[in-house]
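In the two complexes below, subunit A is the common chain; its partner is subunit B in one and subunit C in the other.
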Partner chain A sequence: MHTHLIDITKEKRFLGSLGQRLTLGGGVAGIVGLAVSFGLASTSEDGIHRLWWSYLHNWTFFLTIALGALFFVLVEHLAKAGWSVVLRRLSEGVSMTLVLLAILFVPLIFGLHDLYHWLHADLVAQDHVLQHKASYLNQTFFLVRVAVYFLFWIGAAFLMHRNSVKQDQSGDHLLTGKMEALSAPFMMIFALTTTFASFDLLMSLDPHWFSTIFGVYFFAGSFMSFLAFLSVIIVGLQRSGRLTGAITDQHLHDVGKFLFAMLVFWAYIAFSQYLLIWYGNLPEETGWYLRRQTGTWSSLGIVMIFGHFLIPFLFLLSRHIKRRPLLLSLGALWLLVMHWLDLYWLIMPEYDHALTAIPFSLLDLSCLVGIGGFFIAAWAWFLRRCSLIAEKDPRLAESLTFENA
Partner chain B sequence: MNHDTAPLWGMMAEFDNVSDTLAAAEKTRDAGFKHWDTHTPFPVHGLCDAMGMRDTRLPWVVLTAGITGALFGLALQYFTNAVDYPFVISGKPLFSLPANIPVVFECTILFAALTAFKAMLVANRLPQHHRPLFKKERFRRATQDRFFIVIEAADPKFDADRTRAFLESLGGLSVEEVEDR
Partner chain C sequence: MSTGLSENLSQDPRQRPTLVLGGKGFTEVTDTVCAVSERRKWPAIWYIAFACSLVLLGVLGACLTYLISTGIGVWGNNMPAAWGFPIVNFVFWVGIGHAGTLISAVLFLFRQKWRTSINRSAEAMTIFAVACAGIFPAVHVGRVWLAYWLFPIPNQMSMWPNFRSPLLWDVFAVSTYATVSSMFWYMGMIPDLATLRDRATGKAKQFFYGLFSLGWSGSNRHWLRFERAYLLLAALATPLVLSVHSIVSFDFAVSILPGWHTTIFPPYFVAGAIFSGFGMVMTILIPCRSAFGLQDLITTRHVENMAKVILVTGSMVGYSYTMEFFIAWYSGNLVEQFAFVNRSFGPYAWAYWTMFSCNAFIPQLFWFKKVRQTMLLAWIVSILVNVGMWFERFVIVVTSLTRDYLPSSWGMFRPTSIDFLTFLGSFGLFFTLFLLFVRFLPMVAMAEVRSVMPQAHGIVGEGHRPFGDYWPDSVHPERQRKPSPEEE
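Entry: the complex of A and B
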């Protein structure tokens, strides 16, 4: 062949000191962020109540990124993909942060009462609908379900990561077959668990409202935000001199295409949900949208249409932008902000139905710094010892020489 | 068959591996030929660069067609629902954007896809029902295991003797004239 296979052993492919700095810096940011959040909340009236909402919002933000990573790892195994092998270890690292997110869910247990009003016995007693839903929406079953979701997510992420790292040493090709075989049932369970998790964690914030497409909406934002996050960490690592040869503009182009596809998919699903409810015009469904079209909430909806779809659509349309690391990561950062606002738009209108103005608060940012710090730290910690490339994957050569047509 | 009476259409050089073909394509590009092509039995990565091909302008054509399609879909619905035959459907305004989006979307895709298909054919001057190259016995292996570089006589730099010498210098298996028949 004309194209030369690059020698990955000459590549800077360990996090090394950068990993230590990220773990330490992220950990400090995490502690400071959450401590500041708690401080701010406890000194203001009703602050703790507000804190839970910010916490849930930001925790969900990182949960979606981690779930997107798990999906990416599974789908690449499922499709026996060659092009993406050089990106897989980085993604495995992101999916392993589900361990951290499970730990960060524990404090939320104490805030459930502030978040989910189907937990209020007095409200349920007056509400026929909630009484009917009580066999599903009750604290015990809710916690059991969340535990099951995390058990599966962490188990799947762990198995995929451990076998992949094992292969770095042994070079055993059978491990690839094993992961491919596991990825098929895992994918089905992933679809079910993510869908139900989105129902439980977000949709039940308004327990009267229902949308069957909500799980897909959650997934679309989830996979899109992961691809945006992946673009950012690739560009960041390359600027630090790591993986500069292994990951080429061809891989970036494909991540960019995926990102573009998922932002369109998000818009498609968001619109599908809206269209049916708007056309049907049934009060039990439209109330959810009505709240989001009242007061300043409506401007956030407009920001979603333009910022989450039209502007990045036009920006990422050209291949020249997807192939330039700086421009791609700029688009990716933009989309991460939009995804954060999208979750805000999903969650926060339920904070107080009487509010017509967006209840922006410093807590939203301090929780972002706190959970985000821990998230980065966990990512670096899980990748502290292994190579950043799946070194002996049988399809590595294919990935290294990959070229778009 | 009389080979001498048919006018010369071009000159073809035959190769049996990718790297020779890529190297030869680079030399042909650098020699400044314009009307020439490379024929391979499978897609070869890096060939576009080796041949010095310009970026295709097709995306701009498709983008224009897509925007045209979107506007067409919108105008169509405005005219039919709000002007030509006003009819209130489920209490919605006569011209209401959400209801129109699916048709706008479909028209965008329809226009863009059909244009991409048609413009691709036009840009590649396809379909060509006749090409003198196909009469060459050796050229049949271009679909199996051989690679060909063909310089057309229409090229301003083409000269039967010098082009033959040039192609022979590329180190392929054979160089043959292609007659226009």
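Entry: the complex of A and C
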């Protein structure tokens, strides 16, 4: 070696007791959060119906983060990236939470009737458009599709994680080649499954509305929210004394650049969709936006333009901010909130078309705590035994000494 | 000096592959690149190619003269297909002009070192393609001498272009793109022009290279400014890669014509543009590397990487076709469904299936290593990509216009011989410019290639090179830790 590297064996690179605390704390938060949600819902009129919407919203929020993580793992293998090797294990952990999200989907099966009105036989009978779609939008096919998506997502996340952990032991560089070879077809399937998942889970909440760009919009938010989440966990872990030498401001800078790029990409896709529908002005498309521009919903739209784009754009533009852990994680937290609101804006206007005010409810927060708690717990649980860095990755040296231009 | 490898196709993750082959050092790289424009006797193939290009350029000149002196009626544009070949050719050429900036800006930000061998010629190609593109809307206005009315110039008639029209946005988008990519291309070339200046023997060459290298002396101060400017321009040019073709897609998508009005158009057009641009870069560079002996700089690995980019972007285009098809069905909108059935089974089905196979199926051959690494095969695929992307624009423009909502207003589009000749002639302009570029300017960015060679980072000899493909990758002294005892 020409360069003396940071000695990673001296690094605090296991979750250890923090992992136990996170699993336990997250699990308790999960149980309490969901129990409170259920309690709140069952004591109020129409509460259970409302609960499903909050549940779907928050479940989707964490699903997008996990899918973003899977994308990141795949794309870094696909591009044979060097800089990001020190971040990969953390990302693998996030992608493994797809297992949890699959389990948390199960209760949703009982709420489908409350969420998707294409399941209401009486409505379909009067609606020729829904009759036309019935061969696609029906309960059996919907559940089969969701099962297929999760089978693939979990399979891909699992294979990538398992081979990566195997390499920690054996140091076999051929495993890298194997993961790179898998990442190419996985990426193709990822694109299709994620797109159709976004159509099924979110777009079909208004089964009359359609937009070909919707899958890209969903992906943009997913990857952005994952990068934000990654920034937050890096900073959190470093504050606990872990990975302090391995992950440097150089890596934070690159994650920040990616985050910046993705928030611009999100804005680009959101703008494209809006402009084309607004300009075309066809009632079958504009109805969806009209609901989001009526009453207090319009203010949430303004919040999106400023909060999800202009303000973080200016904030993350600076190299200085991207390299400061505290400032970067502040921007990242902000964007996570914005992403949560973005999904709220996608989902909730379909809750009740007659409603022109934002139907904010405590359930939105209690579900966030509940699902979020389980999410953190699952992340820590999947990383409980392995190192937090891909220890013997052949490109680890490159990543450890990585220097930004 | 460096390793005398003759191949760099290793997939071993433990070591980044060498990007320059044949044991070349800095001097040899400079010599190889300069030799292209410094040679006294040019190969016969260059003269033959140049003669052919000039003939085609003549055809373009004749067609445009005839068009301007006679009127737009010499083209096949007529109701219902009021937009015919000119817009198809415009979008085709603008699309090709996307690879250059992607390679020089986006791949720069992604630290893809291999781009240094191909960025210069790709940028040149970009500018020439945008020049070809610009011709079509300019002459399509009919009264060419009034084409400046496209710009919002204050005038005594208080006459303004329609700011709500995406055609006007095109004027801004394309002219911005042309300006920024020319600037990027020229600025990146300054150090290399200085190299040519310093080596020039003739007076004229010394004068012109000297003039355009702006007094470059290669001092640290110059390099510092250069690299900073390069990074800034790359950051500014990156959104342009997305914006130009997004706005071109708005030309269609803001309308409500079935087959045009769909929200995926902006990213779909951008992916298609990069796809076609890389197709053209490959079509040009594969013959160039053997004609000018550049195989050690533009190696098989470079071609393979380009093939992978084509595979990725081709798949994105295939994804967009799938989405359009699926949503056309899913929407339950009858005219939308008809538009797609008409494309695939109507009178232009032959064009549709040419497009579909060339864009979505044939690039999938790049999954096979053999196809990526065999120059002839890769070259054939790249040409088919170009064919497919021309047909894509043809299909979009013609099928939607000729059969829209009202069957009573349907018709067919019949291009005239002038349509075909003008399109053919635009290749004359493109190749004439490109061949002149090869003749007089450094077609590989020597200075950038040198900077990604291991020698540039103090690594000499056959030793292990753990850090590779990115530029710059030197290790900052402050971040090097003291060696631990067991490492010593």
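The definition used in the following text is that the second predicted complex is superposed on the first by the 401 of 405 C-alpha atoms of A that agree within 3 Å, B and C clash if a C-alpha of one lies under 4 Å from a C-alpha of the other, contacts with A are read in each partner's own complex, and residues count from 1 in each chain.
Just so we're on the same page, contacts are C-beta pairs under 8 Å (C-beta built on N, C-alpha and C of every residue); 3 or more make two chains touch, one makes a residue touch a chain.
These numbers were taken from a predicted model, which means no experiment stands behind them.
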| item | value |
| --- | --- |
| Touching partner for A:Y279 - first (subunit B), second (subunit C), both, neither | both |
| Partner chain in contact with A:H120 - subunit B first, subunit C second, else both or neither | neither |
| Contact breadth on subunit A, by residue count: subunit C or subunit B | C |
| Contacts of A:H353 with subunit B and subunit C, given as first, second, both or neither | neither |
| First, second, both or neither for A:R21, with subunit B first and subunit C second | neither |
| Touched partner set for A:R385, first subunit B, second subunit C, both or neither | neither |
| First (subunit B), second (subunit C), both or neither touched by A:S318 | first |
| Which superposed partner A:D7 touches (first subunit B, second subunit C, both, neither) | second |
| Partner chain(s) touched by A:T248 [first = subunit B, second = subunit C, both, neither] | second |
| Touching partner for A:E403 - first (subunit B), second (subunit C), both, neither | both |
| Overlapping contact positions on subunit A, where the subunit C interface meets the subunit B interface | 1-3, 275, 279, 281, 401, 403, 405 |
| Footprint of subunit C on subunit A - complex, ascending | 1-7, 10, 79-80, 82-83, 128-129, 132-133, 136, 173, 176-177, 180, 184, 188, 191-192, 195, 199, 210-216, 245, 248, 257, 264, 268-269, 272-273, 275-277, 279-282, 284, 393-395, 397-398, 401, 403, 405 |
| Residues of subunit C touching subunit A in the complex | 11-14, 16, 109-111, 231, 239, 242, 246, 250, 253-256, 261-267, 315, 319-320, 322-324, 327, 330-333, 367, 459, 463-464, 466-476, 479-484, 487 |
| Subunit B to subunit A touching residues, read off their complex | 18-19, 22, 43, 45-46, 59, 63, 90-92, 98-99, 101-102 |
| Parts of subunit A lying in touch with subunit B, wherever the complex brings them together | 1-3, 271, 274-275, 278-279, 281, 317-319, 401, 403, 405 |
